[in-house]
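Below: the structure, in structure tokens.
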Amino acid sequence: MADKSVKKVVLAYSGGLDTSVILRWLQTEYNAEVVTFTADLGQGEELEPARRKAELFGIKEIFVEDLRETFTADFVFPMFRANALYEGQYLLGTSIARPLIAQRQIEIAEAVGADAVAHGATGKGNDQVRFELAYYALKPDVKVIAPWREWSLTSRTRLLEFAEAHQIPISKDKRGEAPFSVDANLLHSSSEGKILEDPAQEPDEIVYQRTISPEAAPDIATEISIDFAEGDPVGLNGETLSPATLLTRLNALGRDNGIGRLDLVENRFVGMKSRGVYETPGGTILLAAHRAIESITLDREAAHLKDSLMPRYAELIYNGFWFSPERRMLQALIDTSQHSVAGRVRLKLYKGNVIVTGRESPNSLYSARMVTFEDDQGAYNQQDAAGFIKLNALRLRLGAAVGRRGGAL
Amino acid sequence: MADKSVKKVVLAYSGGLDTSVILRWLQTEYNAEVVTFTADLGQGEELEPARRKAELFGIKEIFVEDLRETFTADFVFPMFRANALYEGQYLLGTSIARPLIAQRQIEIAEAVGADAVAHGATGKGNDQVRFELAYYALKPDVKVIAPWREWSLTSRTRLLEFAEAHQIPISKDKRGEAPFSVDANLLHSSSEGKILEDPAQEPDEIVYQRTISPEAAPDIATEISIDFAEGDPVGLNGETLSPATLLTRLNALGRDNGIGRLDLVENRFVGMKSRGVYETPGGTILLAAHRAIESITLDREAAHLKDSLMPRYAELIYNGFWFSPERRMLQALIDTSQHSVAGRVRLKLYKGNVIVTGRESPNSLYSARMVTFEDDQGAYNQQDAAGFIKLNALRLRLGAAVGRRGGAL
Amino acid sequence: MADKSVKKVVLAYSGGLDTSVILRWLQTEYNAEVVTFTADLGQGEELEPARRKAELFGIKEIFVEDLRETFTADFVFPMFRANALYEGQYLLGTSIARPLIAQRQIEIAEAVGADAVAHGATGKGNDQVRFELAYYALKPDVKVIAPWREWSLTSRTRLLEFAEAHQIPISKDKRGEAPFSVDANLLHSSSEGKILEDPAQEPDEIVYQRTISPEAAPDIATEISIDFAEGDPVGLNGETLSPATLLTRLNALGRDNGIGRLDLVENRFVGMKSRGVYETPGGTILLAAHRAIESITLDREAAHLKDSLMPRYAELIYNGFWFSPERRMLQALIDTSQHSVAGRVRLKLYKGNVIVTGRESPNSLYSARMVTFEDDQGAYNQQDAAGFIKLNALRLRLGAAVGRRGGAL
Amino acid sequence: MADKSVKKVVLAYSGGLDTSVILRWLQTEYNAEVVTFTADLGQGEELEPARRKAELFGIKEIFVEDLRETFTADFVFPMFRANALYEGQYLLGTSIARPLIAQRQIEIAEAVGADAVAHGATGKGNDQVRFELAYYALKPDVKVIAPWREWSLTSRTRLLEFAEAHQIPISKDKRGEAPFSVDANLLHSSSEGKILEDPAQEPDEIVYQRTISPEAAPDIATEISIDFAEGDPVGLNGETLSPATLLTRLNALGRDNGIGRLDLVENRFVGMKSRGVYETPGGTILLAAHRAIESITLDREAAHLKDSLMPRYAELIYNGFWFSPERRMLQALIDTSQHSVAGRVRLKLYKGNVIVTGRESPNSLYSARMVTFEDDQGAYNQQDAAGFIKLNALRLRLGAAVGRRGGAL
């Protein structure tokens, strides 16, 4: 059982039923002073109700912050420099938000003299790991309270009973259980659990909240351009935009064109497989655009080195090791590669498709003169290829000459 | 300059103008007996005209073979076990065909007592490398003739003059130059060069030969299922099919739903960037389906290990090292992983989208009981997570305790 | 707290004080029937006293086995095919023994109908992880008892009190505490703890048990030869030997020449750094010899691929994942590479040094004709190098031409 | 054949017979003005004779430079931060010197307005690649002259005839052929060719020039300490020293104790295996010391990430890609890791052995309190290990539960 000698705890507080129950539970079970922290990471909810609710619970130190720009500029964009995909497909929308929330909780704990932090993640998922690894990395002596692993409110019924017993308002739609669980921020929304637990069954359309379906999207493509500088997007359709504004706009474009849905069975860090439905409209566009601008501005071996390390980088973020030496080292490698990744990518968005239609850059390494089928006026000497092949083949020929034909070992 | 003391040469012969010119050039310049080899790898052309043409050139040993099943079963499917993508996007359609052609050329050379082989690839591309590395790995003392690197027919005009001077029939549509260059086989078709040389310009619709556009595809989704055994697809919509038949059917499904187009700037092994337009309709569906069946049947670390090595494996195939010790070693690792990759994947094909709608397997590692948000009846002990996190965090805490907060180094 | 409903437990039993206390504790605390398993893995201790002791405790099912050949052939040699070194230096002597012990415990549990297994590893070390991961991988429903994590015998005094209270004989030298802790098997012995806990202090000579010091070794070198087949050593000085016999002989040779000592600070899987003193006399010779025979028989890219994956393979074994999909996949890759790794290596052993003095193989890929500074009679065309370099440089030149000199990004 | 339209060429000039012949050959064959560049990289030869000889050849622009500090600080030390070993053993002494020589040649070419550079490396080795890749990366339009690939002086006799015909002085010992070829700099000396071409034969003692044999070394160990800051050595036995001075001192210590010999069959980038004998006395000590200081100051995952990328980094340097985007990216990753790699390592040097006897650091991550076998006063909770193991085992248990026992796939 957790150490109950907590004096003051900073709670990641959404204002919803679950974290309200946690808030009260911390007050009653731990007899601790609770400080609430509510952040706008683009999840699309009002923050002021959370503040008012916290006040109703008698909270004296209430932190409400708009972190959308920080989230996008310091977490989302650095990750996109790596073209990070977990298990080849997942754009890590939930994973990348947790370290920022944890970081602010710890900063607030330091500021208000709290000795503990608390989060509302369950004991089966990845989020508990992401929160707590970040907490410990940032404040090694912090006390961590994870109510879902500790308390006896193991069923919905008991949770509602506790809420009622403690005068916690329950909005009508929370009486019945939600048919699945949702997490959302500026990068994505994810849905999992309950009606989604059978991976043989297609998700119902009601699951999708961020995107219309490809079928429902317009019959005419939307054409856009994205400008990049040092590996990050900086403009849309020629207009320079702040990180969060740009991502917000891309989300709207993605949503309207049915872009960015993913129905995935993935492997959790805690050891089991789970099924998630993700919507990452803007991020899906951004990945395609970033790959396209890299394709003309990044050296081959730089690109391949990045690609070879990407799975590891994505795994680190998924597993919650954003604040770790190894993520920092990989980030240094990735960031070093992005200096000349600049220029404009044109794309066509159409019913779920993101189609690159053009890329151009002042830093382009593409040389039409070099590659042309036409006379290249000496840019490339085809005779060089003969020697190149001969020496690349030499070890294979030496092997074959002693009986190891076809690369046999 | 190449060694001219060649007696008998096996030419990879398509029957088209270029390889017909090569055929005659080998006869006149090398004074060598030419053996032709024409293979059906699913490029969608008749082979008999090539035989007749070869006869007209006085060729005595003519090999015409249907290799579609071998190509699919022994080259395409092993590669798809790896989920191979070059530079994150390219399904390696051209790369994977070259080793098979080279292998058959060498086998024929051994059978007919030829001392040389010849191919029609240019000196700027990857294909020369792929052909020749395979030749040398399989027959280290073979003489290789690469006319495009050797001859003086450096312009279209000269080529046509040579053809006319040597009574080589020129079909009308070859008089004028093709606006781009095409390679095709059962897995894909690729287009590059000339009108495609500016990566800032969208390809014209005429470039596409294997797929209709997403816009032109039906407004109603097509639902299919694919069955897998030991990592390979074995059935479509419940019907067991041979490898080539299955891939042919997937191609038709992909074509009709606008699936599998890719407009890419890629990095060639010989050192420059080039722009290619690829159409891999069936392969695009297959990749999505294979990933989906792996998602429920493959252990996490097995999947991550594969993912981490995939870029290297794809690079090897792209660069022409199919017949190499390192490709064989990676293949052994990959094949070992596929034993339980079996079951059925359901998919929806719609206007360029491949949407997984269900996966099921007798070997599934997905456990609803383990992952459920509901009461799991003790399948998973949430307390374990606390210790798991604590020990994963330990090194980060020890670092932070001596001043390296947040994973600082 | 652990589940106490255990009926029958297979204990890894050495016959020493600690595991005797565990045995009695299992009988008294769990009220379980205990089955003992004592194995000879080459640790250099008699097994019969353990049997007699177990009989004194009233054990009815006593398993005593000589596993030295299995240990060497199926665990040590496969690992050496990879040239495995943890953190660049440690030959994994302890790590590689644990899976075999665990495997036999599980096999015995299945045979005798036991529902639980127990080991004597502490809660801070790696061995608990290695034992338990293997247990769970082999018998997922097994109950695991780890007394050191459970009981209240947290000090030496309490342990001795328990021993006395339960009539467990305590040999005189166990009254006082050992100045450090030892693990040993045919591959190595390790020492750690207590007097070794300060990594700034050199270990006292009394720590070393398997080797004499380089200073004490003979002034004259010992010359030996080792024969390999399929990557494994099969003969010493021309004499064919069984795996365990060969390793035993190498140990004696290493011991006498002061070979195989290592004083290391390493990183444990459970998160902290620890200091160990290892002696791996035969293994140190074997690694040098295996690398030498590979140097003439293994293709370059095969060798580099192995080298690039070795750290991961070593980490897996260190962390206890011998029985895992990913270790099996890597093993398949490694084993595939060893087919032609055969021949003879000559070495000189001298005061801590292992000096390769010659390698020869019927499968050698080394070609004096190719490499010679003298006239090679056309084996290698130096002109090929020009083209090879030109195309390898092409991307660097294209980069430099647009201002990225010296590989700048 | 090479382009003969060269006006002015910067030659890497040692003053020896071979480069003197090259010098004259450039004057006569290319009719080019030659600029000589002679550098002290610690090879242990006087530079003034080279200057005088160049003057005799009528050279007007003569560059003679002491680059030992630059070589050590900007090339050797950055490489040692990675613990780089090619093929597990080779400390890359030749490889790391070539980029610096090439860089200075190009800088001089820019300064004096030369359009070409020339080197004396043969067409079979790695050095031609290393020189030329660096040239092209730094000055993409430079003309490269590699006389050994171009000229007709293919035998020793012809070379001497040319020398005599052109009044090039031949020192007596150069009349007869040297029994092997040597390269040397401050980091190492290498010997290869001729009497060393049979890898089954032990090298004769005369081959060794930088070290006495272990047998000849003193019977008493030499104890030293090395101080590190930010990953680089900065002091010896408590005395702060410049990089080159420190390396020079370590070389002397290594030489006197028979340290740093390596007899190796390695794989060249150009495709064949070759046998080299290397002496790296100071570097061998430095590697051991650097690993030791990292062992207490570097986080586990940081160290493992470095280790996993080391083979690739070493391969890049071996192959000549020092001035490449990928080397720069890896260097950024490595350098990021070294910030806290500081402290003192004590070592014992004895007859070929480098034995670490202590390491200490203000930044140590080693915690005796954490690791102790004694009561740790709550620093570590052994219960955490149970959960840690349980969740690490979960996927293995789920696999075993569906029939994949022991990590079967």
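A, B, C and D are the chain letters, set down in written order, and residue numbers restart from 1 in every chain.
Just so it is clear, a contact is a pair of C-beta atoms (placed from the backbone, for glycine too) under 8 Å apart; a residue touches a chain by one contact, two chains touch by 3 or more.
The shown structure was predicted, so the numbers you read here are calculated from the model rather than taken from an experiment.
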| item | value |
| --- | --- |
| Chain pair equivalent in interface to A-C, over half of contacts matched, among B-C, A-D or B-D | B-D |
| Comparison of C-D and B-D (more C-beta pairs in contact) | C-D |
| Euclidean distance of C-alpha centroids - chain B vs chain D, Å | 40 |
| Between chain C and chain D, centroid-to-centroid distance (C-alpha), Å | 31 |
| For chain C, residues that touch 2 or more chains besides their own | 267, 270-272, 299-302, 304, 321, 324-326, 328-329, 336-337, 365, 367, 370, 380, 383, 385-386, 388, 391-395, 398-399, 404, 407-409 |
| List of chain A residues in touch with chain C within their complex | 299-302, 336-340, 363-365, 367, 370, 380-381, 383-388, 390-392, 394-395, 398-399, 402, 404, 407-409 |
| Residues of chain C that touch chain B when the two form their complex | 267, 270-272, 299, 301-302, 304-306, 321, 324-326, 328-330, 332-337, 391-395, 398 |
| Sites on chain D touched by chain C in the complex | 83, 87-89, 103, 122-124, 128-129, 132-133, 136-141, 146, 148-149, 154-155, 181, 193-194, 197-202, 214-215, 219, 221, 261, 263-267, 270-275, 291-292, 295-296, 300, 303-304, 307-308, 311-312, 315, 321-329, 346, 348, 350-353, 355-360, 365-368, 370-375, 380, 382-383, 385-386, 388-389, 392-393, 396-401, 404-409 |
